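Below are two complexes that have subunit A in common, paired first with subunit B and then with subunit C.
This part shows the complex of A and B:
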């Protein structure tokens, strides 16, 4: 019997290369991503205020409509990429979706015209870009060692064991796309105005990390 | 096969360590971006080491994602540094008259590419046209070439439809696909670099 980490799949769609499956675990993550994407679509962006300490002077930051539109688009794209990463049953597709989450995370804040934010986004983008190396390499070693990229096949336990190096590289890649040690680069990005969209950055990386835990425990 | 793969992985890993060391020592933002582009090639190298059709199918999306990230980052770099595009005015101080390269080189490459046919042939023939464009200070309306590229691409796709729905005519489809991809790659290659400075004047 196959060893299903996230519970028995309710539904498996095998269509050529495209393999999608829903287990109780992944469907929860998927619904969470879906809910936040819908929130990003319908919510109205915040207007950030600067208040001077010791006085009662304050000013509202002016944000152009086109900038907000671009950021909303990027937040939706980020939501879609996270949803894809939650339900895909193919290791390589998972890495591609993860890389896409990295790009859209940069995109969400890149439209802000503040030099600090731009600089932080650039540095974070460099980390995300170099993280695609272990990400893709991990997927390639998965394919080389087991001969399959399908998570359903890996669960069955009939394939050779996945080398620890491959798992380590996959996790390193996901971490580089926006988790703990490299997360510090994002701190400056969060100072960017535009509340609902910035939340998407942290939510997507959280979801991706929860999913990679399942992926790594499969093989 | 597994033994060769191990050696290959080992060499790529050494290259990756060298590249990451260079990245860690680099301080200039633009140079960092260039170095990361170099590192990106290594991840494609690891995939390519698989040496199967699957690897070929995985390289393309990997390459696309890498290029997308690179484009996004260079765009951020431009806004961050406040770089705008300023049209380059050509200096008309030609001291030495350029002599045209012999045509024979281009003709040879194009003919050889047609004999090869397919994707490789397209690349070789395209190289021949690039040589022609570069060496002959060529000024031409390139819209026609773009149109030819589009039509040959449609031919290629059409050939795939024949494969799918009328498998009996596979030979026609094969020829159509071979010619389509040959023309498309040739034209695309020849446009590389020539479309660059079009908006002057």
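This part shows the complex of A and C:
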């Protein structure tokens, strides 16, 4: 029997060659992503307020309906991609879902009509774009060195060990897609009005980072 | 003190891209230095390439309309795997016989032959790939219309 890191799975969904498994660890992350996606669906966006110092003047930044709709759509897509990345039992599917999280994060911030936010989103998009190279290269080295992409097969310990460079590539790719250590730079994007959608960027990158920790500990 | 400096450097978002590119460069150099990586002999999806085939490089062998065995991780989960290996409609079969590469294109096969092969064993791959593409189109069209 495979040595499951996140506890014994409650349920394994068979999906051809791709197994989706729900261990206590993955199901926790899955429910977190699900809960936040539901919140993003039902909540209204925040309206930022600018207050002028030394005076009574203040103004509320208005968010147009089309912008709100688009960003909500992107937030839901981001939530779905995070949910998929949390429970998938396949290395290549994990990289695909991670790439989707990266591109939807760009979409959430790129819809804002502020040059400053869009500049930051552009740089972030470049990072997410270039991060796909180590991400998919990592998955390719996994397949080449072990001959399997299934995480459950990797956990059994019968396959050859995964080379360290493949794990490093996978982590670098996830770091680039999720911008995990670069929250200082993400703060530039958080100036964008519309709270629940922008927090979705942060939450999804946190979740995929937590998942990749489990993934590199296999095999 | 050093953390404050690092964080000050990182707070300028224009520094992120060169930093990440540098990290990738070091990683790939380390990857080259760590070669050779032992190649697993029992590959999950083995493939032989026949350059003379009109369906090159997607030809998995075998005549159309008959089952060809393809290797997969969990054969029990997809008992019909291989039935679609040579999944060609009469039109695409004809097209692949009279032309050299048109049989592999979207003209002969909506989605291409490779998708037909993959759908049975690795269904979610093709779905997520297409979804990523559509999300990218949605973002591009939204930004394009807005300007």
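Definition applied: the second predicted complex is superposed on the first by the 211 of 219 C-alpha atoms of A that agree within 3 Å, B and C clash if a C-alpha of one lies under 4 Å from a C-alpha of the other, contacts with A are read in each partner's own complex, and residues count from 1 in each chain.
The criterion applied here is as follows: a residue touches a chain if its C-beta (ideal position, glycine included) is under 8 Å from a C-beta of that chain, and two chains touch if they have at least 3 such contacts.
Keep in mind that this is a model prediction, so the values were computed, not measured.
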Specify the outcome, clash or fit, for subunit B and subunit C once both structures are aligned onto subunit A. clash
When the two structures are overlaid on chain A, which partner does A:139 contact: first (subunit B), second (subunit C), both, or neither? first
Touching A:107, do we find subunit B (first), subunit C (second), both, or neither? both
Which holds for A:84: it touches subunit B only (first), subunit C only (second), both, or neither? second
Could you look at A:177 and tell me whether it touches subunit B, subunit C, both or neither (first, second, both, neither)? neither
Could you look at A:150 and tell me whether it touches subunit B, subunit C, both or neither (first, second, both, neither)? second
Per the contact definition in the header, classify A:18: touching subunit B only (first), subunit C only (second), both, or neither. second
For subunit A, which side has the bigger count of touched residues, subunit B or subunit C? C
Touching partner for A:115 - first (subunit B), second (subunit C), both, neither: first
Which holds for A:163: it touches subunit B only (first), subunit C only (second), both, or neither? second
Contacts of A:99 with subunit B and subunit C, given as first, second, both or neither: both
Where does subunit B run into subunit C after the fit on chain A, at 27-35, 99-107, 117-125 or 189-197? 117-125
Common interface residues of subunit A - those touching subunit B in one complex and subunit C in the other: 17, 92, 96, 99-100, 103, 106-107, 110, 113, 119, 126, 130, 133-134, 141, 143-144, 149
Within their complex, state which residues of subunit A touch subunit C. 14-19, 70, 73-74, 77, 84, 88, 90, 92-93, 96-97, 99-100, 103-104, 106-107, 110-111, 113, 119-120, 123-124, 126-127, 130-131, 133-134, 141, 143-150, 153, 159-160, 163-166, 168-169, 172, 175-176, 179, 182, 184-185, 187-188
Using the touch rule from the top, collect the residues of subunit B that touch subunit A in their complex. 2, 5, 9, 16, 20, 23, 29, 32-33, 36, 39-40, 42-44, 46-47, 49-50, 54-55, 57-58, 61-62, 65-66, 68-70, 72-73, 75-77, 79-80
Residue positions on subunit A within touch of subunit B in the complex are 17, 92, 96, 99-100, 102-103, 106-107, 110, 113, 115, 118-119, 121-122, 125-126, 128-130, 132-137, 139-141, 143-144, 149
Contact set on subunit C toward subunit A in their complex: 7, 10-14, 16-17, 20-21, 23-24, 27-28, 30-31, 34, 37-44, 72-74, 77-78, 81, 120-125, 128-129, 131-132, 135-136, 138-139, 142-143, 146
